[in-house]
């Protein structure tokens, strides 16, 4: 029931006051004790809750996967490890694990992928983050093209891919070290560019701080930044932009 | 001429090789000596070059305004001061200056404003940045609604404005101090949320670092961040997302 | 003997000068050589010394537990590991270890729990710190209610719990990542709010710095902050506030 | 009207649905356009909204003072300057300005001051922050005693004042430079200690960072920290703790 | 084909337009799917692409070594570990691994080493970085002399080596801790000095930040700095300077 | 009266208990209301309290100078400005102000200067801090020799002065920018070296952080560091070391 | 006299021991009391001492200019202001001041400029630093070409200038904000690239830190970095590299 | 031979010029290839070179111990581990290892310990650093008294030990967390106080940064600071101060 329905039932005398107050508050999550699953998120935001697997205990993780699977018919989890994958697959055999990106998911069949997102990465070490991004956007229904190892130390690699990148509704630029890829792409395309700094590098990289500051200070227009290594966040946002675009 | 045309002319013998090489490179900017105006930017990215007025010398600034006005028929400048406004208005009387946002512009008449962007700010001190954002998006043709002073210390102010905010193709959340506004809005709406940390605050705010980190680490989905106080960048990106949305 | 007694005995000739000087200094701690147990702390501050187990050598830890147990009849230890728990339990079988919070304690029976403290955490990963906080306050005699996984990305979960949270004499808000929970609660309740930033997160979280700065810069009134992951400190302070409140 | 009343009127047919929805949202703040005064704050949190004067434009500030004065009969403003004081006093002659603390207030007469808060500062340069703290707590109705220049480089000054400090329901420890005062007091008293780092110092003080980290890492129990130079926040919180204490 | 050739063929009708566009872009790298080898780098910059082995997967690493070996006849890899060395040596037996520097290379025989580079290190713990530097420069054809353990705490060790150091076309100064070596050498020689801060040290060294800042702020003339522990970068740059010097 | 006397008087019945307690606490400072002068400091530490003039109000400063002058017959003040100097000189004409170091003092005549301290500075911009150091040590009775502009970019300048520097009981090394002077001197002399980082420099100097970290991480033995620009602290400590040395 | 001469004179009995020791140390600088001019620097390093004017007192500055002019016949000063320029020009009329770069110099006539250095800057606001760099290198005898406003947000501007840049013996890349210019140039040319981060920008630029980290972490080969805004240092080093190059 | 002897021999014709130059440079260290032992350090600074064992390879470590043992008859090594201890003891059976402090030494018998140094630590976790400090000073011949676990959270423990601490020629204050011990001791004693911040703590301690800043900003006189966890450096400096004191 939404707020209109609840008030309407109150007006008609079909709902007493105390129940109405409870209803207003309790319909939208599932209290597991250790966690409160946000079951109204899909209604509110268009995508169901995603599981951040890292550091979750086995019993908690399993319970959460079961609950979401039951209510949504599919589950997307990120930053899972091999042990967690085995655990879930034991109970939900159709779960699929990609060790490189850490994505552990159960996905509905024959999902359509629409629009276009370009996921670009500077080096091979950034692929892990790039895949988390790409697979997240694909899970939600976006079509994704990957452009890997096109960092600016060999600029012709990027320029060669540019015509394809320009077709996307949203571009994701993923880079560690000095993170210049975001700015260079930002100056060349007309669609929004989401920058993902990665922790790839050493020394004065300070675990991604260098790339993060680069991207935040970009002299190019139409760029924004998410947290270091946050492929998931970039994929989610890229999907949001893509799904509301004209050619989706 | 674009690359196709140039190559075509070469094939037809209408252009010699050396000229073609130069053509490929020189058509797209105007070399003023002290600056190289990116005259191909509108073609490439959809919006003409914007003038960052701060610290520019008087003669440089005037020359740049004149050149852009001549080629585009309008100019958008940011971070201008009163002195610069007088200077430009002396030579281009139709220039308009908004001292609060620092926007100094010459704008074509009867511009249509389409789609919808919601510009939200946490406190009154954030209005300066919010106006830079709103007026930038409006200059490029977006329709903007402002929601000021809806910070989370009085949550009901935000909740009251929520139904209107939810209608936007893109939401901008502008906040200093602890910057929680971005996360709270990000958890409530389904469209992309661009967070702008401001330098409003003192002490452990460290000139906006606090709000910046808050926004980068947001636990909400569908949010991204631009540089501290970068209202312009947020307005530009919001316009990009808005203009490619279905209901633009 | 306190200073009054000592001076009184000196006046009456019952204590010579040198002894008096020593007495003034030596009555209040127990010198174990490697450590000086602050045996006068309970008298001075209302709670006996608590053992910070981390990095203590086995013989030191055991000796300290024995001494405090002998003088106080109960011991509270924090940040203990499994090995340390086994060691202490071998010699003091009634010791109880909670592996999640790291609390290793021997507690008097039938302890009353009075007043009310609300311990709130944003995500499931923050539960470890939340339990250190809750169990500390309970050990000292406070009544604690737990509200876990009520982070602001799903605001209705928090609003639903609000009526119960408002009843507490003191609220503890525990959150990692962007740490917005403290501010949002701070704007909604009238009792003091103790914020505990946690190191939960990654990237620009910088091991809790993000949540720490958020909480220090909170735009809400009536909030304060303790060290990152310092559940113990928050629990102690919450108990102090609770125990001196009218309805304790 | 609170939520119960509104629902009750809906049930009785005295309020139509759309009006009810608006009522739920709009009763609790006053939209001035540039600001939304949180008029329900006193009801919600026990103290009316306080004005942070710094950087507010003259017309905004005056309008806010007038509105709060009208609804509350008194106004507390912080970080005001001499110009702002003159402006307000011109329109509201009974306004009182303390140039040292920056407090600009209109206060009801014959206000009772109850309980006890001890405001301690390490050096004379910290008095500015200390007064902001003390006068805030006094405005809300707390009794405050001041102990200034009792920094730990001359420990006997603190020890001499200790018996009086120990009587307070809450102690505020204000210090810049190395900020050790908070820890030393925290180890000596049994009531909660609120630490306020100040920006007093130079060099590796880094504008208060040094004192802030000292206070966050305090080895003493029962201490918490607020933002650098945040005397207001400490005074507010101290009043909250004091007002709910048994001997208030 | 370079741009001249391509345009020439277009002019002569030997190449159609679409093919010409592709040719312009695709000739200069080898797309392995997961990586795009920059095969035109030697032509463009004078040295072939170097393999940064760290964190590369086995199959990726092997494929990259094979491809570069095939096209260049030799391969230089840095930051390899023992496992990676075994892997490569199994397939390319002539690969040589130096466990101290992490250099894993296949090198053409009878390579001449010309000019002179002086590689100086402050302490024995810096040798690892110094060898990465020295062996990189040697691989590209520079003659290198090593001066190890000449840190400024025993200044006579440096002064004794000075006459030999002065003969080099380029000096590399490698130091951790306080990193003063770069400044002292910079004040004594007339050739360019490349400073390499190392992460050797502890505490306020902050993993090399101390030495990095020292070197960036050097009061000596003619010094520059590369990333912390970046022996490779310094060796590459030293070779560039050496190879274009008169006495190379 | 010291503690022995007080207890003795109590034993003999010459002092009642309450008076004794007060006596123990109140003899050692002078409560001016806004400040508590530490009048027992000379007895306790060998040097009377020194006035940190910066930011003190006129009436406070004057009162403090008068009180210390009355009790000690001389006053040392640091970081005074021209206005403060005029103020004090108006009331205490024999006060002497050195605008370069900011020292404002009234000094007893014919003071002996014993032992030897060497105050070394790297550049001319460091002289301000160096003079604060030198004049502080001289005020307390140490003999000081100055060695200015001997920075390591011209090492022979330092080596030339070395024989004289080696004669000192304590060496102070004052340097900004990269701050290498402390380490180089530390490796050459056998007496303790106090390093003073200065804020001289720009860019990655970060207001003295660079020199501070250099000095803290020095690879030389026998060096310690004080706060950035803290010439006073170094002068005080150098005097302490000098005064207890055999040849003082 | 150099060391050989001195020892030779000692051997021949033409110099007594004590004089020889002094001679070894004192020939190479001029002690002005407040400064020790490094008169042997030209001999030792190839370029005479340069005057850093900032913060120097008038009398010191004038004395230094006079002394260097007398011994060298020309003087290069950096970071001078208008007042200092007037002062010097009053006494040395042939002194020339460039207010934009802050260069204040007296230069020998008909100086030859050899080799080639390319000085590139990203934006117009970086010109100040770029001119300090270019004019420094020119003073020492290098030929310099300037390429201004070629930042990567409009990549075609850089690509257009590339053929000319490639001809230089050394390239200087000057950029603020995100500082990507250094990496992009570094990936395109074969000569050494000196990166100069500038403090141009705002917010998370942190006064040049962003550009500094970008440049230090560059994924391109053959790049090094100097301090933020250090145009002088880059110009000096570029000249060193240029002067020892084959085509100088 | 010192410089006097060498010059004298040259004068007498007993030494030719080239040999003299070499002699001047080579007498004072022993070149092991991988290291240059500073054999003249004892002559120059009063203490022989100490071995920093951490990260040294086995063969290097053994060779260094052997060489120093041969020339000095004793060796002091710090930060050794168990493996290194076994290695050295196998070849030099009289070597003694203290696993707590990491000291691995061979020491001459019947060494006298003179003067007095007070080594104070705040908590039991700081003992590791405190022992490195104490044993270093003892090795060089100082008499050391230890005062452990006297942190300021229980101030009476420190006050009780004060009379003994006051007798020392030099006090070392070792503390982690908030590091207030240094300031409190600094305000109570008249001898120099060397502060050693330790990395003991968590969260906003930032691996010792908190205690380091506290100590650098101490409001007490006569204190200085060494690097985080640098017990060795403090012990060395304390010995220097002690050995030149009157009562040594």
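Each chain carries a letter (A, B, C, D, E, F, G and H) given by its place in the written order, and its residues are counted from 1.
The rule is short, and it goes like this: contacts are C-beta pairs under 8 Å (C-beta built on N, C-alpha and C of every residue); 3 or more make two chains touch, one makes a residue touch a chain.
Everything numeric in this text was worked out from a predicted model, so none of it was measured.
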**Q.** Chain located farthest away, centre of chain A as origin (C-alpha)
**A.** F
(Q) Matching over half of the contact pairs by residue number, can you pick out the copy of the B-G interface from F-G, G-H or E-G? (A) F-G
Q) Centre to centre, by mean C-alpha position, how many angstrom separate chain C and chain D? A) 26
Q | Chain centre separation (chain A, chain D; CA means) in Å | A | 41
Q. Measuring from the mean C-alpha position of chain A to the mean C-alpha position of chain G, what distance in angstrom results?
A. 49
Q) If you average the CA atoms of chain A and of chain H, how far apart do the two points sit, in angstrom? A) 53
Q. Residues of chain A touching 2+ other chains?
A. 153-154, 187-188, 203-205, 209, 212, 216-217, 221, 227
Q.
Let me make sure I understand the interfaces: which chain pairs count as touching?
A. A-B, A-C, A-D, A-E, A-G, B-C, B-D, B-E, B-G, C-D, C-F, C-H, D-F, D-H, E-F, E-G, E-H, F-G, F-H, G-H
Q: Over in the complex, which chain E residues touch chain A? Could you list them?
A: 25-26, 28-29, 33-36, 38, 40-41, 55-56, 60, 197, 199, 207-209, 212, 227-230
Q) Which chain A residues qualify as touching chain G in the complex? A) 122-123, 151-155, 177-180, 183-184, 186-188, 201, 203-206, 209-211, 213-221
Q) In the complex formed with chain B, which residues of chain G make contact? A) 124-125, 127, 148-150, 153-154, 156-157, 159-160, 200, 202-205
(Q) List the residues on chain G that touch chain H in their complex, please. (A) 3-4, 7-8, 10-11, 13, 17, 20-21
Q. Can you list the residues on chain D that touch chain C in the complex?
A. 44-47, 50, 169, 187-192, 194, 212, 216-217, 221-227, 233, 236-237, 240-241, 244-246, 248
